[in-house]
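Structures incoming, each one as structure tokens.
Each of the next two complexes has subunit A plus one more chain, namely subunit B in the first and subunit C in the second.
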Partner chain A sequence: MASNTAAANGLSRFLSDLGHSFRIFLRNLTRNKVGFVGTLMILGFIFLAFIMPYFVPAPHKADITKIYERPSREHLLGTDSQGKDIWAQIVHGGRDIVVMAFLTGMIATFIGVSLGSLSAVIGGPLDSFLTTLADVWLTIPRFPLLAVLAGLITLNNIITLALILAVLSWAGLYRAIRAQVFSIKERDYIEAATALGLGLRHIIFSEILPNMMAYIAINFTLAMTAAIYAQVGLVFLGLVPLTRNWGVMINLAWTQGAIFFRDSIYFIMAPVVAIALFQLSIVWMSRSLEEIFNPRLRAGR
Partner chain B sequence: MSVATASQGKAKVSPGRIARTIASNYLVRRLGKALFTVWFVTTLIFFLVRLMPSNPIEVYINELIVQYSLTYPEARDQAASLFAIDLDAPLWKQYVDYMGNLVQGNMGTSLRSPGTPVTAIIARFLPWTIFSVGVGLLISFSIGMTLGMLSAYRRDSAWEPVVSAIGSFLSSVPDYIIGILLLVYLGVRWEIVPIHAMRGSSTPGIQPGFTLKFIKDIFFHAALPIATYVLATFGGWLLTMKSNTISTLGEDYVTVARARGLTEGRITSAYVGRNASLPLIAQLAISIGFVVGGSILIEFIFVYQGIGFQLREAINTRDYPVMQGIFLVITMAVILSNLLADYAYGWLDPRVRIAGGE
Partner chain C sequence: MTEYLIEAHNLTRQFGRRRERVTAVDDVSLGISEGEVLCLVGESGCGKTTTGKLLAGLLKPSSGRIRYQGQDVWTQDKESFRKYRLGVQIIHQDPYASLNPSHTVHQILSAPLLHHNLVNGRRQARERVVELLQIVDLTPVEDFLTKYPHQLSGGQRQRVSVARALTVNPSFIVADEAVSMVDVSIRVSLLKMLSRLRMQLGVTFLFITHDLALAKFFAWEGRIAVMYVGSVVELTSTPELINNAQHPYTKALLAAVPEADPNLTRRKKPITLRSQDIPSLRNLPPGCRFHPRCPLFEEGLCDRVAPKLKSVGENGHQVACHRVTG
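The block that comes next holds the complex of A and B.
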């Protein structure tokens, strides 16, 4: 009986704690107006790419009698050069890009964080080797290298593409993380942890990482935007064969000369606007992330 | 410690010490890093082309056999001569030959237009990219610096948030999206610019030279790529310059300069401007690499006959020697501009030279 009430008390306290931190989270999220709008837009894009396809039928059948139609109730954004619905193509073409961007961001952040903290904590020859390699790596123009790679291997699935993009962008992240770990490493509480003999893993994951969340979040979004830039760019150039995404739509509109027809403006503008807005919302969201993960920024006001 | 070695050095200058001094010199170290990067990239490309699962040379040999019904040895000989590689030699020998050829400026011959050396293709198209990217970056750098400084000084004005918002918007949107928008709206919808006449890098048949007509012509053809580079990059300069200027304005030496009664013009140029623009020099070098890389997309959009356009053609037609050559040249251009920026940085900021620039 007594233990029961104790458990109930614990649960309710836990729930109220949760509610409290959720309220704090929401307050921080809405503190930066631009960041909040960006976060809402990201949620909107996730909804568009993952939920909407269940409601909008896939644009399979071509209809030659309906080429380049203006927007109507039947075709929200009109039709393309084959009479396919453009809105349906937008709905079904987002998933690839969203998944790939998140995947690249995750892998790139993982590589950057682990190499960066290892390098800064261990130091010595490993550190100087990695720093030199990063310096060299940063001078190699990434997009041309990617384009050349696309000519040598077939990059037709998003996981391979995400892996390659992440590996190509390791150096910038590594540098940022390493510098950050270096500055945190010198602080007193790390010295205390070392003196207590808490072990390398504990120091990295429990002492250093939580203090760098703002940096990691920003770099995560940077990796995401770079990934979208590269993927859509490659697809637009016609170098990477992927089915059904916004980059493919631009490429199709381009190769079929859609930009030169007056009525085809929706065909080219729909994917262009989608990509531009998605990029913009990621950049805007990063401001909110900064706000959430960096308490010092909040205290300063 | 350093005092001790300095007095020893004064007493006796040994060859080892001179070598060490040269090796630790800022400029020499930067040069060494640049050379190392060139070596790294050329090696990377060699092994990428030779060791890929779908070896381009084998692919080309098969293509020759199918297309011209050559025997395998014939096709192999032809492929070897076009790639400037001895296919029978062991891999390390091929690598040494390849590096030797590169040092002598031999990058092989194009597969798609046989007989044309890769270097000739590069020499023909590279100047246009350097011209358009260079002019674009210069313009965007000047606009961004000026607007950024003005925004920092006039933080309370009504237009400052508008300018910053436009800058941050343009720097978040990919450059090729801006290019497509320019083409669709300026060229097709509103018909403000004659995009059909603007294709290519110059009007066919025009006489190159230092004539007003030729200069006007090349600017006419490069106008849209340049406009795209400017729009896509000036926002970044603006935002960085603004935040740098704001933090420099809070420095003690600016307050002291004011207290000493220096003129506002002198404070702006010699105290604030110089210190706030320093980090931008390093960023300029990085952005050259990025913009040259993006030129593949921009030149494709505007059918501008530069090196990026050719790279895309080469990749699409699987013209491996051209691909490899153009990629190497783009990388070397980036390395060179980084080196120049390092030197400029060391010259502008003496602290970098002494501390080693890390």
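The block that comes next holds the complex of A and C.
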């Protein structure tokens, strides 16, 4: 009986602790209004891309009688050149973009953070080699290279595409992270950790990285936005054969001469606005991430 | 010859390459016995901190040797080096830079305990952390465990730094200007705490400071080494140094210490130096480094030959000056 109450006490304390940290998390999230709006918008886009497709039927059927219709109750955003519902295309075309953006951001950040911190901490020939490589890499025009690569490799799935985009963007991130690690590793608390014999792994992961989380989060969002533009660009040029995607919509609108018809404004503007809003929400969300990862704010004032 | 806990032999450390090369510490030899306190006094930039870091093993000497418990620090095997690494700790000058801003006090103190298996599990780590915070007078302990460094005052942070150094039970602590950046009102209590640690735990101290008054307060039973531009110019017991300083530089330093009583300060006779400029490390004067400023300067001797530390009088009073003879 006694142990039962103890366990119950422990559980309730655990739950209240959890509730407490969640409240702190929420407070930091909402501290920055712009960041909070961005986060809500991101959640909205995730909902749109992953949940909505179950409720909105895929736009398979063309209907010649309903070409370029204006928005109505039946067609929220009107119809395209084949009479397909534009809203349904937006709903079904978001998943690739969202998944690919997160994936590219993750891989690019991972490469940048590991190479950047290794380079700064180990130094010597490795550092010189990587820095030189990064400098050369940054001079390569990325988009034409991507276009050439698209001819060599069949970029028909988002994972390959995300990997390639991430690898192509490593250099900028690497330099940013390396500089940051260089400035942190000279601080007194790192020296104290060395004197305490805490070891290289502890120093990198427990002493240096936590102080860069806000910085890493921001670079993560920047990598995401760059990835979205790159992917949409490739799809628009028709170099990546992905089906149903906001980029494909722009491409179709373009090739079918949407820019010549005033009626087709909804067809071409819907994906453009969707992409722009998604980018905006990512950039805004990074403001909230900054607050969350700032230790000065984490525990409240 | 007495057995020292830690000793430096002809310790030299240079920074930079080729024309940029400067010698921050030049041929310093000193030894500190167990339980003793040695104060390193000198102007800023004279190599005090570098000497401290060399002794703490945070910098490698360019030449010369450091021996800890009789063993050469940089040539010993891994296991002995680990013992040295944990046996020697440093307390930094700036309490705002020496604690990781993203860790709580508990995390800062428990990390070394857990890493080196000095405690059995998290529960014992917590007990030890509480104990350490009590040792450094941060009570009630519960108020501090979950605090981040930015929520503490300078004095409190410095106490956390001391507690962190104590986690690995060091036998030697380098206190690098440990109290110079906290408010004057807190200094004395911090110093008293450090003195208490020295008595209770038998920790040996190298106390680095630019303030002779602090050195006098903290190391009355110990010794003081006065440094000038990279080398030790005078080394003796504290009372002897205060009352019977021999080196002209030490005399000038002592004369410059302001007294609490303004009348006393006004009546003090300052020693007129021939020049007020500290020589640049890039362009050191030949012979005795102090000769361009020294009131006892003798041409042909002081600007030719660098004086070595030599004993004058009894009690191992050592001075590096041609003009001082025992």
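In this section, the second predicted complex is superposed on the first by the 294 of 301 C-alpha atoms of A that agree within 3 Å, B and C clash if a C-alpha of one lies under 4 Å from a C-alpha of the other, contacts with A are read in each partner's own complex, and residues count from 1 in each chain.
Keep this in mind: a residue touches a chain if its C-beta (ideal position, glycine included) is under 8 Å from a C-beta of that chain, and two chains touch if they have at least 3 such contacts.
Computed from a predicted structure; not experimentally measured.
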So in the superposed three-chain picture, is A:Y189 touching just subunit B, just subunit C, both, or none of them (first/second/both/neither)? second
Please work out whether A:R70 is in contact with subunit B alone, subunit C alone, both, or neither, and reply first, second, both or neither. neither
Is A:L149 touching anything from subunit B or subunit C once the two structures are fitted on A? First, second, both or neither. first
With the two structures laid over each other on chain A, which partner does A:V283 touch: subunit B (first), subunit C (second), both, or neither? first
Which holds for A:N211: it touches subunit B only (first), subunit C only (second), both, or neither? second
When both complexes are superposed, which of subunit B and subunit C contacts more residues belonging to subunit A? B
Quick check for you: in the superposed arrangement, does A:H202 touch first (subunit B), second (subunit C), both or neither? second
Which subunit A residues lie in the overlap of the subunit B contact set and the subunit C contact set? none
Subunit B residues touching subunit A - in the complex, by the definition given at the top: 33, 36-37, 40-41, 45, 48-49, 52-54, 56, 168-169, 172-174, 176-177, 180-181, 183-184, 188-189, 286, 289-290, 292-294, 296-297, 300, 308, 311-312, 314-316, 318, 320, 323-324, 326-327, 330-331, 334-335, 338
Of all residues in subunit C, those that touch subunit A in their complex: 56-58, 82, 85-86, 88-90, 92, 94, 97-104, 111-112, 115-116, 146-148, 150-151, 161, 164-165, 167-168
If we count contacts the way the header does, which residues on subunit A are in touch with subunit C in the complex? 187-189, 191-199, 202, 206-207, 210-211, 213, 295-296, 298-299
Subunit B partner, complex, touching residues on subunit A are 132, 135-136, 138-145, 147-154, 225, 228-229, 232-233, 236-239, 250, 259-260, 262, 265, 268-269, 272, 275-276, 279-280, 283-284
